[in-house]
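We just call them A, B, C, D, E and F in the order they show up, numbering each chain from 1.
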Amino acid sequence: MVAADIVWMLVSSALVLLMTPALAFFYAGLVRSKNALNTMMMSLCSLGFAGVAWALLGYSLAFSDGNGVVGGLAHAGLMGVDLAAKGTIPHILFMAYQATFAIITAALISGAIVERMRFAPYLAFITVWTLLVYAPMVHQVWGGGWLASFGTLDYAGGTVVHINAGAAAVVAAWWLGPRRDHGRKAMLPHHVPSTVLGAGLLWFGWFGFNAGSALAANNAAALAFVNTLLAPMATLVVWTLVEVARTRRATAVGAATAIVVGLVAITPAAGFVPPIAALAIGAIAALPSHFALVWRARSSFDDSLDVAAAHGLGGTVGALLTGVFASKAWGAPVDGSLGQVGIQAISIAYTLAWSGALSLGLLALIGKLTPLRASARDEALGMDVSQHGEEAYTTGEGAILVIEGSKS
Amino acid sequence: MKMIVAIVRPERLGDVLEALYRAEVRGLTVSRVQGHGGELERVETYRGTTVKVGLEEKMRIEIGVSDSFVEATIKAIVEGGCTGEVGDGKVFVLPVERVVRIRTGETDTAAVTPIRPE
Amino acid sequence: MKMIVAIVRPERLGDVLEALYRAEVRGLTVSRVQGHGGELERVETYRGTTVKVGLEEKMRIEIGVSDSFVEATIKAIVEGGCTGEVGDGKVFVLPVERVVRIRTGETDTAAVTPIRPE
Amino acid sequence: MKMIVAIVRPERLGDVLEALYRAEVRGLTVSRVQGHGGELERVETYRGTTVKVGLEEKMRIEIGVSDSFVEATIKAIVEGGCTGEVGDGKVFVLPVERVVRIRTGETDTAAVTPIRPE
Amino acid sequence: MVAADIVWMLVSSALVLLMTPALAFFYAGLVRSKNALNTMMMSLCSLGFAGVAWALLGYSLAFSDGNGVVGGLAHAGLMGVDLAAKGTIPHILFMAYQATFAIITAALISGAIVERMRFAPYLAFITVWTLLVYAPMVHQVWGGGWLASFGTLDYAGGTVVHINAGAAAVVAAWWLGPRRDHGRKAMLPHHVPSTVLGAGLLWFGWFGFNAGSALAANNAAALAFVNTLLAPMATLVVWTLVEVARTRRATAVGAATAIVVGLVAITPAAGFVPPIAALAIGAIAALPSHFALVWRARSSFDDSLDVAAAHGLGGTVGALLTGVFASKAWGAPVDGSLGQVGIQAISIAYTLAWSGALSLGLLALIGKLTPLRASARDEALGMDVSQHGEEAYTTGEGAILVIEGSKS
Amino acid sequence: MVAADIVWMLVSSALVLLMTPALAFFYAGLVRSKNALNTMMMSLCSLGFAGVAWALLGYSLAFSDGNGVVGGLAHAGLMGVDLAAKGTIPHILFMAYQATFAIITAALISGAIVERMRFAPYLAFITVWTLLVYAPMVHQVWGGGWLASFGTLDYAGGTVVHINAGAAAVVAAWWLGPRRDHGRKAMLPHHVPSTVLGAGLLWFGWFGFNAGSALAANNAAALAFVNTLLAPMATLVVWTLVEVARTRRATAVGAATAIVVGLVAITPAAGFVPPIAALAIGAIAALPSHFALVWRARSSFDDSLDVAAAHGLGGTVGALLTGVFASKAWGAPVDGSLGQVGIQAISIAYTLAWSGALSLGLLALIGKLTPLRASARDEALGMDVSQHGEEAYTTGEGAILVIEGSKS
């Protein structure tokens, strides 16, 4: 074991953990204030439900020996996950680092269905999704499964995390249907500073996500780190300029979105491409996501917080460009080539199919047991009051204390 | 001149404004209020504390109109604001003695006819 | 007794209050409202969504005054609130039948003459 | 029909609502306002800047009542809102010409009698 | 000295420092908006007052040689605290790491007396408390004092920090008496997202608190880290399910509280128990704290932000369970046993007595010099305006600029 | 290369990056709500514009071989910035660490001109300023330029970052002129908790700024870290006491400001002075900045968020005191002396002149191409709506959806 590697993975795990509360703020700022807490809770509770599911079962399905598609049960209940070395760090630390990925991936999906999905089926969905869809996907790419052997390049989760969550988001948004006010009323972000805070903390945490994926304190980590710094910078510049060109005004919501898109795009490439390519990837990725967002807002497809445009599409562009810019000189196992782009494309298509089909089946199943959508009344009243019995910002006026039982 | 004060549901505000627009009522003032009427009370919980929230979010619209517009205005508000469920709100009509347009000092009817800037 | 309701620009509120102060009008109540009149509409963009914001921030001032103060009060508001551009707002004068001071139960004129604490 | 407008202290709102409830006054609308009266002014400091805050937080209650309820309503407000210290607020009674219930289109007295949902 | 250990302790110190602003947000979200800044300032000023007191005197009382109860003055004024190694890191770094603990512990107490205690006596209280109550307690557990020899297991401060602060909170809430509106009016959290932000940042910072307590980048740090990840996950799941069972709705305030309770409970056990036990500790700890909170809200005892229920009780449960689950195989000095639970119980009782008695005496003393409570008028007006002459959220309407002196 | 040093520089780079979003919150809380997003965007977009400018050109101008004033173009376009070691870390990581400094320095300036400067010329200004003013300054102090040879002590950027930005802020505020409401209306901070959040995150990030400047995980890093902890504590205590003495009330805005002033003051001294001197520097620095702030608010000079008082003056006091307290025993190259104070004073004067003159010229030039100031109407309406077409906090009331094109 290497002490410096342990430190870096401790830090990286903490950073990735922080991404989930960060996402809670990023998302919550974009919804209406009557749904702010519900949106936050969708991320927050992933910390509990996806996290515990991962520790008890998901980790084993992802990383214990199995077949090309899914791992076994050797590590179920954290069996055999101990202080012995896995690579250069304790096995438990590797498990914990991976847990933070599982949590954020599940939370990402919520952006597609906020402001209308009931909370209980949501919890059920992300818990099972983590085990059924996410863990096998991890196994296939990083756990010795078939995509690993197939030659897919995915440094830190462009496929596993972002395209995977993006595909689930698309089917979830489609299966649940649009919010009742979608396309009829203006639904504005109620608290843009929240979204900016989320973007800032996401960037900070993403260093752990990408550079931590080196699993060691070495050149690869440094490269992944630097690329994670450079790509969003370029996205931010291009996005801002595109907005100015289109509407004469750069927006703060746009800037926050650009940062996330840049981060997503560099994720599969982070440790494989030279820094100058990171700038290029960031710059290029701005365009498809920007226009997808604009198009989506005018369509009747209500992927409410644009998980598909930001994560699905951003991840796809990043994964394809990884096939272009990968460089052996900078640590990639192969150099970029048309062939590699083909491999990337097939992997993307497979991931979309895998996640789309299974997520849809899962939603349909849960929908059989309990309604997925809130009633029209609850949706109009707001999910905070209807699902959680509380409000994000209260003055307490007109609230009357109810004393249950006697006072001691 | 009358002052029409209407309390409506926030989610119907857009419809009310549209109906008013179609009725050619231009000037108006809106504010966020909280109302208590026949609506069901809401229970919320914060840590151990349970509270009953007896006030619902509403929007208050205030419109100064010349007498001939009163009927049309009320009609538009009722049209836009009605859902048929308890809590739709009320319209009050109050007499007004004088209106002054601050920009010009004009009074009464002249004061409430908005002049569109070109 | 009259109730004077004025809608003014937020950025002129200070000037209006000052003018009222000089006119010796002491008691008043202010609230944040949103108004629609002849003002130009604003366009905003959030991600792909474009919206037209037809409501402008305004301040609403409510002043209960005895009849002899009405003229002076209106004058002060117009003075303090006028910029000459569309959107300056309106003053409405409504009749009041009774005023009660909650602290003492005094009614009418006695109720609206503030007593300065020493 | 009358419109009763009361300005009260925020910390007394609960008591006022309770008193109104006991007086069987059901429908009402509340909003946050800021008032200036005989209260002492507050000084605040932000970095080097010192400001005098002349406006105090108050709550405004608006109640449409039939004539026979006016006395009881005023009494309830004074009871619930009185602390005896400067700043307790005022009650204004304004004439109302018409009331319409948006849900049903009913007018006048029928419009202000809330129908409890069962 | 070991470079990797230095890095880890630098990071851990930064993380623990961040916990105090995080606590400011956690607490401030729960009070009414008229007291938001006062609540924040109570945490924020601990960074100054408790921090300076610690550096100048507290550190010496805790860690220089002394008797079984309190250290000496050898390190007063940072004398002899230099770049030489203490363990494997520079002595000054060890002092700094400990300073961040002193700061957060003092700040924790404020939750019991917000919305009513005058600011000046509060500052006096936490400053003296740090020296008189906290520093000796540290000496007794970690500085070679009698509890260390007695065999108390306290990995990262369950006793020293949480039970200690919890006991002080109880006596402070009792001595000051309830807020005038307590039990009469509904006092709702004015800004729940603040509380969620605080909880997220606290979790992030707590990795430094618990895993940093290894004072090195080793297996113990990794274990403490992983347990600090797992326990709150389990608490969150159980808390959510209990809320759903009781009221049919999981709340965001509840989720934020659950995270903190889980973190508190694992603190004494972090480096001593296997990960699966961390899940158990987190799950179990949810119950007593949850029901204590519910009971407290209905009682006339106004520990306003439930320091006793979250930190006192959470810490107690954690300390007892440390006696149950401690495992030599995972690095604890002894295995869990009934005897060890007894030792833990005695230590808890001693801490409650120590902190309760001294804190009460200190409050009584300060109360002789200056009133502890704000006047009824100031309390009704709000502590922000009355104590600090400012408001958290202003529009500036009706505020008139006062120009003192002439303009240059 | 040293793995532990890589870890520390990865962490430090992430921490310094976080300072820019933190600054966005610190600043945004202090303005009126109608300018909140514009103020945030001024920091946020520095992450893009100053960042990309630095990567493509600024780094080369600062750190490649050149003359005494400015570097060359050897590293333009990141040429030759690769995985090879620079000191004990990969060259790219050194570049990235320095990039985070460039970004925050440019963003600092915005505090002087918020609530009135148009956004496009602002972006142009900070982009060119990074290349023309900042990069050469870095070269002169840290890149082998003349100030390095002259003997200036500047551990982590008191001169390069804070005095440099402070001077630019002064001329920018003066050149643009005061806000139209300045001295006429009360302009209150619209959201003090934002400012407190910013201050908390800035402190956290500043550990990377100062202790990262050791570029290694060693004693110097530990010392810089500890001093960065101690100095703001002392500033906070003194500031609070001064406020109480002057107005009987300590404010939260004051506490947040004090933290930043303490951080600025210790920056040039961090790795050169003993911890007890850090307490002294922090305590002393409170006074001039406090009184400068008070004086400024009453003057007609509208450095809106007091960049000059906090960063310019705080940095100056810190730089001078570095000359007093520097100690070879604690790692400084020389001991403090009157001579060294003189050297520091000359360096400060030079920096003020350099940055002041060039910044002014640059503003004048840009002002020739496009108006720098928003129109009176836009300023009254608010910069958020006029420059960005969005609002920070919206309810959506009265907003009507505009459907462009047909729905799919």
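We adopt the following convention: a residue touches a chain if its C-beta (ideal position, glycine included) is under 8 Å from a C-beta of that chain, and two chains touch if they have at least 3 such contacts.
Quick caveat: nothing in here was measured; it's all calculated off a predicted structure.
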item: Partner chains shared by chain A and chain C (touch criterion as defined above); value: B, D, E, F
item: For chain F, the least number of touch steps when starting out from chain D; value: 1
item: Computed distance of Cα centres, chain F from chain B, in Å; value: 49
item: Distance between chain centroids, defined by C-alpha means - chain B, chain C (Å); value: 17
item: Inter-centroid spacing, chain F versus chain A (mean Cα positions, whole Å); value: 32
item: Chain A residues counted as touching two or more neighbouring chains; value: 3-4, 7, 11, 185-189, 191, 197, 247, 249, 251, 253, 295, 298, 389-391, 395, 397-401, 404
item: Two or more partner chains touched - positions in chain B; value: 14, 17, 30-32, 34, 36, 44-46, 49, 51, 54-55, 94-95
item: Touch-based graph of the chains, sorted into line, ring, star, complete or other; value: complete
item: Touching residues on chain F, where the partner in the complex is chain D; value: 30, 186-189, 247, 249, 251, 253-254, 257, 293-298, 306
item: List of chain B residues in touch with chain E within their complex; value: 44-49, 51
item: Residue ranges of chain D in contact with chain B within the complex; value: 3, 17, 26-31, 62, 64, 94-103, 105, 111-112, 114-117
item: Complex interface listing, chain A residues touching chain D; value: 395, 397-398, 400
item: Parts of chain D lying in touch with chain A, wherever the complex brings them together; value: 10, 13-14, 17, 30, 32, 59
